[in-house]
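Take a look at the structure set out below.
For reference, chains read A, B, C and D in written order, and residue numbers begin at 1 within each chain.
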Amino acid sequence: MQGITKYFGDFCALKEVELAVRAGTIHSILGENGAGKTTLMNILYGFYTCDSGKIFVHGSEQEISTPKDAINLGIGMVHQHFMLVEPYTVLQNIILGDETTKIPGIIDYKKARRKIEGLAQAYHFNIDLDAKIQDITVGMQQRVEIMKALYRGAEILILDEPTSVLTPQEIDELIDIMHSMVKNGKTIVIITHKLAEIMKSSDECTVIRKGKNVASVKIEDTSENELAELMVGRKVHFTVEKENRKTGEVIFSVDRLTVEDDRGITKVNDISFGIRAGEIFGIAGVDGNGQQELFEAIASLRKAKTGSIHMKGVNITNTSPREMFENGICVIPEDRQKSGLVLEFTVAENMVLEKIGRAPFSRHGLLDLKKIRKNATDLIREYDVRPEHCEDTRAGALSGGNQQKAIIARAISNDPDLLIAVQPTRGLDVGAIEFVHKAIVGQRNQGKAILLISLELEEVLKLSDRIAVLYNGKFADILDAKDADENRIGLLMAGGKNDENA
Amino acid sequence: MDNIGIIISITLMYATPLILAALGGIISELSGITNIGIEGMMVIGAFAGAAVGYFSGNPWIGLLCAAGAGGLLALMHAIACVKFNANQIISGVALNLIGLGLSLFLSRIFFDGATQTLPVPSKLPKISLGGGISLDSTVIIALCLVVFVWFYLYRMRGGLRLRAIGEHPAAADTLGINVYLFRYLAVIVSGLLAGMGGAAMSLAVVSSFTPIVISGHGYIALAAVIFGRWNPVGSSLACILFGFAQALVVILGGGEIAIPSQILAMLPYILTIAVLMLLKGKTAAPRASGVPYIKGSR
Amino acid sequence: MKMRELIKKPATGILLAILIGFVAGAVVLAVAGFNPLEAYGALFRGVFSKPKYIAQVIIKSTPIILTGISFVVAFKSGLFNIGGEGQYIMGALTAVIVGGKLELPPGLHFVVVIIMAMIMSGLLGAFVGVLKTRFGVHEVISCVMLNWIMLYLSNFLITTEWLKKPGTEASIEANTSAWSVVLNSWKTSDAGMEQLANSNSPMAEVLLKTDFNYGILVAVLIAVGVYFLYKNTTKGYELRAVGINQHASQLAGISVNKNVILSMAISAAIAGLAGALTITGVMPHRVTQLATHEGYGFAGISVALIGGCSPIGSIFSGLFYSMLTYGSASIQSEVGAASEIMDIVIGVIIYMIAISSLFIMLANRKKTAGCAAGKRKAEKHG
Amino acid sequence: QEPAQESSAAQSTENESTAQENGEGESEAGSKPAAGKTLNVALVADLGGINDQSFNQSAWEGMQKLEADLGYQVKYLESAQESDFGSNLDKLTDEEPDMIWGVGFLMADAMLNAAKTNPDQKYGIVDSSYEETPENLTSVLFKAQESSFLVGYIAGRMTETDHVGLVGPIKNPIIDQFEYGFRAGVAYAAKELDKDIAVDVQYAESFSDNAKAKAIATVMYNDGADILFAMTGGASIGVIEAAKEMDQYVIGVDRDQNYLAPENVLTSAIKNVDQVIYKITREIADGTFAGGTATSYGLAEDAVGIAPTSDQLVPADILAATDKVKEELISGTITAPLDEDSFNEFMAGLA
């Protein structure tokens, strides 16, 4: 790709960006949030059209104006946000748009199935073709996305942040798959924020910042630190300073909790734990092992079947999110757009979502618009939510990272005794992650209890004082952070026994 | 029992215009475009069917033109919703007004100032199945269409694509499916079907158009779409349930039971709510229904 | 540049839509062989040539302003209240019962009537809300069904001995103590009649010839109240939040179910108020056997949409809508063009509002043209 | 017939526009055949609208005839809601026409109010009467029970299954006239033939639901009725449709509906609202206006009756017998009942 320039309205997302990928290699693209990585790939895939620039595939210039063009050129893309039709089966999703037909118009599922099974074997994929997307794990969904590309005979595969939702094991598997694909002559372009993955998987890396090329390096010649610096333009601290503090009383406890999902399958099975003031309690685990249900039960979004949840001695089992809030619990939800923000509300309105009914924001049911705005102004400044003075901006118009900052600002400003953070840094760049981690540890240092549920093992390890590993609805073990390392926890996450404790 | 034949006939007579319109509603909604303008499309279909049927003397030509008229109105809806990302409910409400207004206005022009047409010289033929069951040809057409639409949606390539567009248009787009074209076609087809539904009233149930020949049928068809969970078979069953309740009212009303006829008249509506309460279903609305698809927006 | 900003304002879009609606109406009229100018002249005269005509427009706007606001309230909470017809009937029926069966002092009686009507139709709306939240019944279905159920229920009740006015097919009338007609007792007294008959003032004509009533004040109060509710109260904030994002609201401790039910109840209560104000405000102060819906609920949807889905906007669009429908009678009687022309005009206006992004697109065209030039420049450089 | 009407419609618009220019329509009286002076007449239709295929339409046809024959200025306003009656009457009153007609008993109160507040304006109301009628208001009633009696008699004479039926819209006092008149006519024929004839009566609870009217008719035919009285307003079409499909007889209402199904519409109980309106309006030009009164028009005045096309399907002997019954009704030997009480009385008398 040469001289790619792309405007969104007046905003220049890409400015004469160059990208050269060698056939049969894995090439990673690195950049902060909003650097333009996705945009660049979407242009390559024909989903967006660029304002100027040229694209060469196997040496010849090509006009790619629709995804169809790209598909015909052997380009496949796995999007950052999965492009899967949830109520459809895996099989239907794979063939969609390129269906095999027997009699014209009538789908021949059998033939398609044979073809996919062949591919799955070749790449050591293990997928259930008849499962519905909404019922399978994110890791599985990812494979479906890759299979979609392979099914269409992709020679060049673009993966946009494929690992941000995967467990360490799944990431390893993905990297294996990538390598086996390269062996089969495919070319892969991968976008990721995780430097370790780049080091592990790629041959080359192109770094972009604010829509411009920064550098293109061979992986053999570089290091994680150098890449981080290239990306952000300054030195990055990877570790978070945590004071050593004495923890306080147990203020939050879960006792023999059992929760079922919508279909009546037990997802959380007889779990008990307590969190002390001034402690970060991390829950690690592979997605789909009950994190979702555990969180929903604690947040009173889902009925607990048996067991109880207490906050500061008050039984809050099966009450309501309101009750939870009144008892000093605040949440940083996993999906900021779905559960975190009311996107059509202004930032100021969003900043008081839980406490709108409280003084000083309202009295006798009447809002104090000035106070609401003032609150936002303060939080925007304190938490560096951008753009500046966005009090009256629609929350939906903020960037992902800034939306997250707004949510964190709101949660912390509620001064909760227990902060529940679910995947708080999902999809954020290292700079933003650093900020969020600091904020969480800051809360702990002030003596608050924190429940951290994350699929990012690294994050859990870095932040937590104690770590529980959720496997198949039960805690495989609860470890002290001092005793935990990636291997041990990884093993537990995969269902292995903890020998030392036994 | 002869009565059973009659009940079946009445049930299907009531259900047919609703089934046709509901099929239209399903196709449009599955593509992601809410079509509340079905009522207006039925009205204009009823008018065009009867008027053309009257002037041409051939009810089949009338039926075709009814579909065409409904399709034209639907095209307006499609332009609004697909091209201009309009609020689909607002556009639908507008089309209901335009459909009714235009029908009456045209009727006055072509029928000597009257808001109703003269009876068509020949109606769509009836088919007698024996046992007291005698069905309008529209009933047969509607039932065949139910089967076809079901087959199309769940067995054919276009159906797979159409439903994907209503669930996740961006996903379909990335696979090279033309979301806009599909939506245009789906909305137009919904208008064709709704227009036919209107004509089923004015060319089969009765043989002329009056301003009240369609009164609320479109909304009941929409209710059936939701009731039947966006499935052609389910929605048709919902229409048939409604028709059955009406048949029941007719049969009960003839007996010497002392139920006031106003109370009896409520039966179909109460029954619908009651059945829905018992089913207590989660809705299965297409996820992107009612949401304009703007390429590349997040 | 200024122009473009102006065009992008929603109000401008609505005004342009109205303009286009009239143009479309003119085209249809011309095609049908009528002189559009004459027709619109008749419309204009029919509305503005006498103060009492303006009074009539105001009187007739009262119920549709309210059914419009009713629609807006539900819409803000993400609900589609298509049940205005049934809720209107519930309000009117309640007003007749409370107004006709109770004996209370004037003024107080009126207040009791409208409060009871709002409660009853509010309950009807709450029922729809409960059906939705507890039984998963989509509000569009239940509203469509309830419209018909209410129609037949009303037809049934007013034929019972209890409610029927003997010798008619209508209900008893609301007692005059429940009426909201301006200066009613004075204008129907002998002295008042005489004074009015001999007076030439426009006000006298309005009083004498129309049912000018306090309903419009109630409607405006409701509009302001609803505006205030959404702008300045916690409850309004919650109702809106629930309408936009149920998940986030739920997690933030705002009860989705309660607010959905409440929203439907408020919405329905306002539609019921429309019915009650018609009974208390205008002749014949009673409910008649209905062959079909009178269309207040559906008119309300149009009013709400033309009014930009805002309560204050609904006042103006209600007046506008009422002007068109009332004035269309003059087109019919003076020019001979069928009054359906107004359905077409209103339909086109709403359609244009739906596609008002067209105006913005057109306004932007110059800008994008400039952009394209920029693009070409960029290409040259690259 | 159509082209003639079309030209009259065109004429009407022309006339109205000239009328506007001249201010008042009366000035151009000279150009028309002299039957007194030309008048300005207006009509307020009730909720059914001017094309209800029923008495609104009939009333308007009477006025159109005035226009065609005598060059009168005619216009109408439709009412969408009950609250429109008052404002429509008021609006027309402002134009000071010579006469304003209102159609339907629903309009009774609004009409009375208008007449009281505008003592100088002449009004007429169809289908409603008052205990005390103001001097400037004339009230016109129709003895629909008489025509219904006649068609009931024909049905009773002609039924081969001894089973007839009636499909009604929504019950009200006017509709009662039809129902009980019809029932009495059938009973009278049955007595004459010395047999029992069953009469099915069912209401559709709607003036508009064609499908329901059709369904009810289908069931009735299927149950053995061979002649139905379709008096369902606009939805009568549904009943006639059923008759066509099942090849049975049906009786129309209000207007001669034979044209809708020449093979099946036996006769129609017609109510000549048009003729009465024509007649009374004309009298105003002659200076006679029967204000302050309520007049019932029946068979004697030829205001109600059976359709002229009856001879197409009704055998001559039965028609002759029907004529005899008609004479008896006119002379008062038989009184057709108009509601439940008078019907019970009638039946008691018959037995």
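Simple rule for what comes next: a contact is a pair of C-beta atoms (placed from the backbone, for glycine too) under 8 Å apart; a residue touches a chain by one contact, two chains touch by 3 or more.
Which protein is which chain? UniProt says A = ABC transporter ATP-binding protein; B, C = ABC transporter permease.
Being a predicted model, the structure only gives us computed values, none of them experimental.
**Student:** Give me the chains shared as neighbours by chain B (ABC transporter permease) and chain D.
**Tutor:** Intersection of chain B (ABC transporter permease) and chain D contact lists gives C.
**Student:** Which chain's mean C-alpha position is the greatest distance from chain C (ABC transporter permease)'s?
**Tutor:** A
**Student:** Which two chains have the most C-beta pairs in contact?
**Tutor:** Max contact pairs: B-C.
**Student:** Which whole number of Å gives the spacing of the CA centres of chain B (ABC transporter permease) and chain C (ABC transporter permease)?
**Tutor:** Inter-chain centre distance comes to 28 Å.
**Student:** How far is the middle of chain C (ABC transporter permease) from the middle of chain D, if each middle is the mean of its Cα atoms, in Å?
**Tutor:** So the centre of chain C (ABC transporter permease) lies 35 Å away from the centre of chain D.
**Student:** Report, in whole Å, the distance between the mean C-alpha point of chain A and the mean C-alpha point of chain B (ABC transporter permease).
**Tutor:** 44
**Student:** Could you tell me the distance, in whole angstrom, between the mean C-alpha positions of chain A and chain D?
**Tutor:** 76
**Student:** Considering chain C (ABC transporter permease) alone, which of its residues make contact with at least two other chains?
**Tutor:** 152, 155, 159, 292
**Student:** Could you list which residues of chain B (ABC transporter permease) touch at least two other chains?
**Tutor:** As it turns out, chain B (ABC transporter permease) has residues touching two or more other chains at 115, 212, 215, 262, 265.
**Student:** Using the touch rule from the top of the page, what residues of chain D touch 2 or more other chains?
**Tutor:** Counting only residues that touch two or more other chains, chain D contributes 205-208.
**Student:** Return all touching chain pairs.
**Tutor:** A-B, A-C, B-C, B-D, C-D
**Student:** Please give the residue numbers of chain B (ABC transporter permease) that touch chain D in the complex, ascending.
**Tutor:** Those residues of chain B (ABC transporter permease) that touch chain D are 2-3, 6, 9-10, 13-14, 112-116, 119, 126, 132, 134, 201, 205-208, 210-213, 215, 246-247, 249-251, 253-254, 261-262, 264-265.
**Student:** Going by the contact rule at the top, pick out the chain D residues touching chain C (ABC transporter permease) in the complex.
**Tutor:** 12-13, 16-17, 20, 42, 47-48, 75-78, 80-83, 85-88, 90-92, 94, 105-106, 108-110, 113, 117, 169-173, 205-208, 233
**Student:** Tell me, which parts of chain B (ABC transporter permease) touch chain A in their complex?
**Tutor:** 155-158, 160-161, 163-164, 167-168, 170-177, 284, 287, 295-296, 298
**Student:** For the complex, give me every residue of chain C (ABC transporter permease) touching chain A.
**Tutor:** 231-235, 237-238, 240-241, 244-245, 247-255, 371, 375, 378-379, 382
**Student:** So in the complex, which bits of chain A are touching chain B (ABC transporter permease)?
**Tutor:** For chain A paired with chain B (ABC transporter permease), touching residues are 42, 45, 47-48, 66-68, 71, 77, 79, 81, 83-88, 92, 95-99, 101, 105-107, 148.
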